[in-house]
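The first chain written gets the first letter, and so on, giving A, B, C, D, E and F; residue counts start at 1 in each chain.
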Amino acid sequence: MRRNNLKKNTLHELLMANNVLKMAKENKRIDGRDFLDYRPIKIEPNVIEKPDASARVMLGDTFIIVGINFEIGTPFSDSPDKGILITEGEVLPTASFGAEAGPPSEEEIEISRVVDRSIRESGVVDLSELVIVPGEKVLKMFVDFNIFNDDGNIVDAAVLGTVAALLTGKMPDPKYIAEHIDEIDKISLKEVPRVPIPVKDIPISTTLALIGDKFYVDPNYVEESVAEALITITHTKNDEICAVQLYEGALGYEQVFEALNISLNKSREIRDILLSMVKNESTETNE
Amino acid sequence: MPKKEKKNEKVDEFIRPDGRKYDELRPYKIRAHILKNADGSAEIRLGGNWIIAAVYGPKEHFPKFEISQDRAILNCRYHMNPYSTSERKSPKPSRREIELSKVIRNALTQSVILDDFPEMSIDVFIEVAQAEGSTRVASITAASVALADAGIPMRDMVVGCSAGKYNGHIILDVGEIEDKEGEADLPIAIMPNLRKVVLLQMDGKMTHEEFKKAFDLALKGAMQLYEEQLNALKNILESMSTLGEGEINEKK
Amino acid sequence: MRRNNLKKNTLHELLMANNVLKMAKENKRIDGRDFLDYRPIKIEPNVIEKPDASARVMLGDTFIIVGINFEIGTPFSDSPDKGILITEGEVLPTASFGAEAGPPSEEEIEISRVVDRSIRESGVVDLSELVIVPGEKVLKMFVDFNIFNDDGNIVDAAVLGTVAALLTGKMPDPKYIAEHIDEIDKISLKEVPRVPIPVKDIPISTTLALIGDKFYVDPNYVEESVAEALITITHTKNDEICAVQLYEGALGYEQVFEALNISLNKSREIRDILLSMVKNESTETNE
Amino acid sequence: MPKKEKKNEKVDEFIRPDGRKYDELRPYKIRAHILKNADGSAEIRLGGNWIIAAVYGPKEHFPKFEISQDRAILNCRYHMNPYSTSERKSPKPSRREIELSKVIRNALTQSVILDDFPEMSIDVFIEVAQAEGSTRVASITAASVALADAGIPMRDMVVGCSAGKYNGHIILDVGEIEDKEGEADLPIAIMPNLRKVVLLQMDGKMTHEEFKKAFDLALKGAMQLYEEQLNALKNILESMSTLGEGEINEKK
Amino acid sequence: MRRNNLKKNTLHELLMANNVLKMAKENKRIDGRDFLDYRPIKIEPNVIEKPDASARVMLGDTFIIVGINFEIGTPFSDSPDKGILITEGEVLPTASFGAEAGPPSEEEIEISRVVDRSIRESGVVDLSELVIVPGEKVLKMFVDFNIFNDDGNIVDAAVLGTVAALLTGKMPDPKYIAEHIDEIDKISLKEVPRVPIPVKDIPISTTLALIGDKFYVDPNYVEESVAEALITITHTKNDEICAVQLYEGALGYEQVFEALNISLNKSREIRDILLSMVKNESTETNE
Amino acid sequence: MPKKEKKNEKVDEFIRPDGRKYDELRPYKIRAHILKNADGSAEIRLGGNWIIAAVYGPKEHFPKFEISQDRAILNCRYHMNPYSTSERKSPKPSRREIELSKVIRNALTQSVILDDFPEMSIDVFIEVAQAEGSTRVASITAASVALADAGIPMRDMVVGCSAGKYNGHIILDVGEIEDKEGEADLPIAIMPNLRKVVLLQMDGKMTHEEFKKAFDLALKGAMQLYEEQLNALKNILESMSTLGEGEINEKK
């Protein structure tokens, strides 16, 4: 749908959009994929050394980097026994002709929040293990993702990158900080011993575009621009649904369940890809 | 305030925090045409929720360079008032309010016949005076009535309702405590005659089976609220034919 | 005057504005009121349950809600022995064709500050009774008012609503908090025992529009739009003046005193209305 | 800095914090045409207050869609510099500064003949370099001189002065301590020949009788400052006729 | 260069700009100065009484005021043993036809940062002497400068004003505060005994415009508007370079060193002027 | 990541924090055309620095009133990503980023032939994914390659390099620790064939003699990086002539 961006599209993009619709009639996608196929996925954890965790994801030509930083903070008054998770995504102005620098747009806020919910609701990180002193000091986990090139399906790439970073990153040990709480103002967080991030699940989001009554898995930028509906569904490793977002458009009642089923199958497949890539890279880089 | 009628009948499965049955809506009331200046308006009370929606337009769109040649632009703002929650809410739109404005706009856009008003814009403003869970779907329900009140042509009404999971049970119309302490929340909005889902979000964890049950419950609740939307519009039409204009705006 | 809004006025409003001027020559107002009459007033305290105090006011078709919340804060360094009062008003975009969402406009800031001064300078709330620990912790009182429908004379409606809310609301007991100051981080403010808000006065503001050398009391939206001058005067229950604001236009020297006298008389009348409505409602809702 | 002349004469009723009589202005001095680039400018010293006003225009107005067809738009900004108060003031305009910009603009608007310049705008910028009470009225007094210096046609000068109540006494020209510790503050601005009040605010508590006394005092003070406005403009005219243009801009 | 401003220039300024270029061919400047001459300089310290230090500088018709305030703050975690210096400059809308009110422009940020570096890098203020309790409390020094009239070369005027203010101002005694650290919340900073600001150097910046292969020292507004390059170089009292900024344009490799040499000579000359003016004024006002 | 080759050869004068000689650049690699959507793009790795530049344009400029009649407008944003530094950086542009955007824009503007595209604009976006000292000059080096990749006509390449003073020694290509703990930093950018300096800043303290030595070192380093710029562009040209379009975008 991307209505806001449409008017900024280049002529090239408009022609491509037309092609998507033409080929839909022949049951084909413009890049030759099957309707249920993802594009090639490449996940590189620890691609940036400064933050506590990081990963780069290439999903076709969608190029995204995720960085995760931990800071010491104060828990929210209504959840004194939980660490804090903050997720912020930015579509960099490098990403496409229509992308703009500046404060987060409505669209950037929406995708950040969908990624946040995919992470948070799945319980991938047990926030209660980020507590230093209950009600007083907790770890605050910042997930920042940036889209350097947008060829569609940002959210799936961002969730993949975030989970890959969590699986391979390290965080400052909250127990160590608790034991040295009196010197907290003098501790440099970077010198606190690291422990693995307490990961409990492997959520996978899958995004589907509806074009002419057919679902396109992992839509690219042009497919998104002509989609009648666009939806993300996130599954936990136990096949539970943990986040859904209909971004744009309308679905028939039955189509909702068709989408859920497609998503479930794809999520298992993508989870395997993720785990194989993280395992390779994490031995390579971490040991 | 609408009285919360405490039901003391024997409940089927378990007691919800406010004593409702699992498939029971909170008390609700929709009234149309409640603001004098707006082209259309409505309020909804759903349990402790009190939400007011106003519509201005179709009208000339500014700034000019944003104009759409072939259809009207639908703007939509969902906004919580500072006193609507237990802790004061800053009047500045939060990231949550910005996201909800977008998904609500999408839901209404599916129904409004925007092609009728090229180069114009239609503004929908939603103010949450008091929030007690499931505000986004109640907002859509009120906004749709306000659009009808403004005489904006629509393909269908849009009506929203939530379902969720609380203490292991699938429940209809998630209240504030159920939202905070429950396992999952599934707000939906539909066009009831066209049988289309126009808002669909989920938070928390549900199996596919639970999701199906919750979705069906939410549909059922939405159909009940759709009847109330029609009532509200009928009441307005009646008062317009029987009373002078001055009386229409009378509150309570 | 409302010059900024004029260009956004609907044709209907422009015709009405013309009517105001035409009828002025016949010594009449467009809604049939006498020049010194207020429109019907309806005040409902405790209309919202979430905040510590609230009220809805209907002044003719002007519809406004006031909510008051207390938080714990740090006193200003130049007034360590006083609580803090913050007043913010927003003309919601629902209120009129010309109202806009967004950061507070110049006009919204001005009316908020006039309401604030009417409350603050009258001493309606004894801020020294909001102190928890002098110089360290005080109660911070937020008065928020929102205009849902603007048919003119927002300020009088907002002052009425604020005073009604103060008279019927409750605040967390500062003495109780002082006694539990060591646990202050763990106290949920909502669980602190409530006491009545220490109200010392009943300030009443009255707003007058000057049109063709005649003062119109309680001007409606259209009358405001054609007014040559617009002024608010607030009186305490002892007939002292405690706030004056000339928003727009000019007054002759003698007209200043004419306005003060009209205002004094009206303020006594409106104060009685307020007290009768608050008494009814407060027994109804509070006991 | 203008020297504060400590008066040791016997005071009528009581001693004010700076030793003035109840009806005495602080030392004052107005100078016109003190900035080279502005079309008109002026500075006022009133006790410790030091305020500089500049006028640019009439000039083309941007953005275009705001243009008024039948008159010029008068913009006005009242701004306090970070070092103007005892505690550093953030350069970002506060809500107070936004309010004062509006009431000052209204005061000046009453006098400037805006109909002469349709589609144009006139900008008035007021910078408070040092603040010691009653800055808003001193600002108007300086801005009016700057407008005259810029050759903008006006119906009358606009001149401001404050009165107030301090320790039970009605006083003229409220100083910083009197403002903070006093019972009431009444800033006014007038068009002295047209006998119109164009700014009128009050803070604090006064009886109707006290208000009348304060208002009359403020009028009296304003008339004194009006003389100084005329002096400042006369000095400029003289220097323009006797000196070359280069000398006009000479400071001190 | 001032490209952004050019379009806002008055016709007068455009004509003057043309004159600069015409006279350049005759080896003359529009105001009759030699290419290496500064305009008349007038420095008045302590011109504002409210802040801890202040000065007014007139550089020809460039009119600028600097105020310096001290507050108590927390040191940055990477420099626990240093006070904090914050420099903010604003070109007031009074300053020229093109100057605008509002948040700091790119140009205002740049000149603030150049002034900041001139002060900071020269070590004019020994920030380690602003420490109250290492790692916990330090003095935070705000340097605010405002341009009331901009006739070019703002930076040199601002550096002169800042150094003059530092040489003649006083700051709250950090030792006194350290001794009364327990009462820190109750101390009014204004009542703390004053000590001289620990000034260690007298940095002088000199700004040069390149017009037609010739350097113009202390360019005025019109000269800046036609300059092919604009550069500021700051020297310490020991003739070290401590800050350089090429704002706009390009320089040949040799021109860089030509500029450095001119700047060195002028900096010695201007430093003498500064010291003589500060000595006079400081005895006048401080004793 | 490019491997940091630890050189164990005997160093001339002293050991730098990362073992380099005083006149040695960190390992570097420039690659052009790395983003699919941008009209031109490039990345540079210089030690731990990883910077990506993209160019869009020439294209229609908005808003219209800013258009330049006789030349294109060059926009430039230098931006650090939140994970690029040891402590998380807020995504909001800092004052430092705003200053650097300006001086980088100036450097590029000297080379781009803007007169070829009246009324258009060219956007240069620089994203610092990882920062380890001397990012501004590395940014210029990458941006210049991205401009060439976009086919924008230029008078010369623009290439940047830094020199500095650390522990009393003049050094080439200032690293992160040297920047924080060193005595001076001298970033420059040049047009190597036109022999012009287009960025020149200095921080810290140096004598005139030291400055000369540092300046010459930085020039030498810049010439080395200029060769790498040409290599990167040559590689792209080669891959464009030997491979299908799909392959060009292949990473690594």
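Heads up, the rule we're going with is that a contact is a pair of C-beta atoms (placed from the backbone, for glycine too) under 8 Å apart; a residue touches a chain by one contact, two chains touch by 3 or more.
The structure displayed is predicted, hence computed values, not measured ones.
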{"item": "Co-neighbours of chain C and chain A - touch as defined", "value": "B, E"}
{"item": "Chain whose Cα centroid lies at the greatest distance from that of chain D", "value": "A"}
{"item": "Chain at maximum distance from chain B, centres defined as averaged CA atoms", "value": "E"}
{"item": "Option reproducing the contacts of B-C, where over half of them reappear, out of E-F, A-F or C-D", "value": "A-F"}
{"item": "Distance from the mean Cα position of chain E to that of chain D, given in whole angstrom", "value": "30"}
{"item": "Computed distance of Cα centres, chain F from chain C, in Å", "value": "58"}
{"item": "Inter-centroid spacing, chain D versus chain B (mean Cα positions, whole Å)", "value": "52"}
{"item": "Interface hub residues of chain D, defined as touching at least two other chains", "value": "none"}
{"item": "Junction residues of chain E - those touching two or more other chains", "value": "none"}
{"item": "In the complex with chain C, residue positions of chain A that touch it", "value": "77, 135-136"}
{"item": "Contacting residues of chain C [partner chain A, same complex]", "value": "185-186, 188"}
{"item": "Chain C partner contacts - residues on chain D that touch it in the complex", "value": "95-96, 98-99, 101-103, 106, 110, 180, 186, 191, 195-208, 211-212, 215, 219"}
{"item": "Residues on chain A engaged by chain B in the complex (per definition of touch)", "value": "78, 104, 106-107, 109-110, 112-113, 117, 121-123, 231, 236, 239-253, 255-257, 260-261, 264"}
{"item": "Chain E - residues contacting chain D, complex", "value": "42, 47-51, 54, 58, 61, 63, 65-69, 71, 88, 90, 92-97, 101, 103, 142, 144, 146, 148-151, 190, 221"}
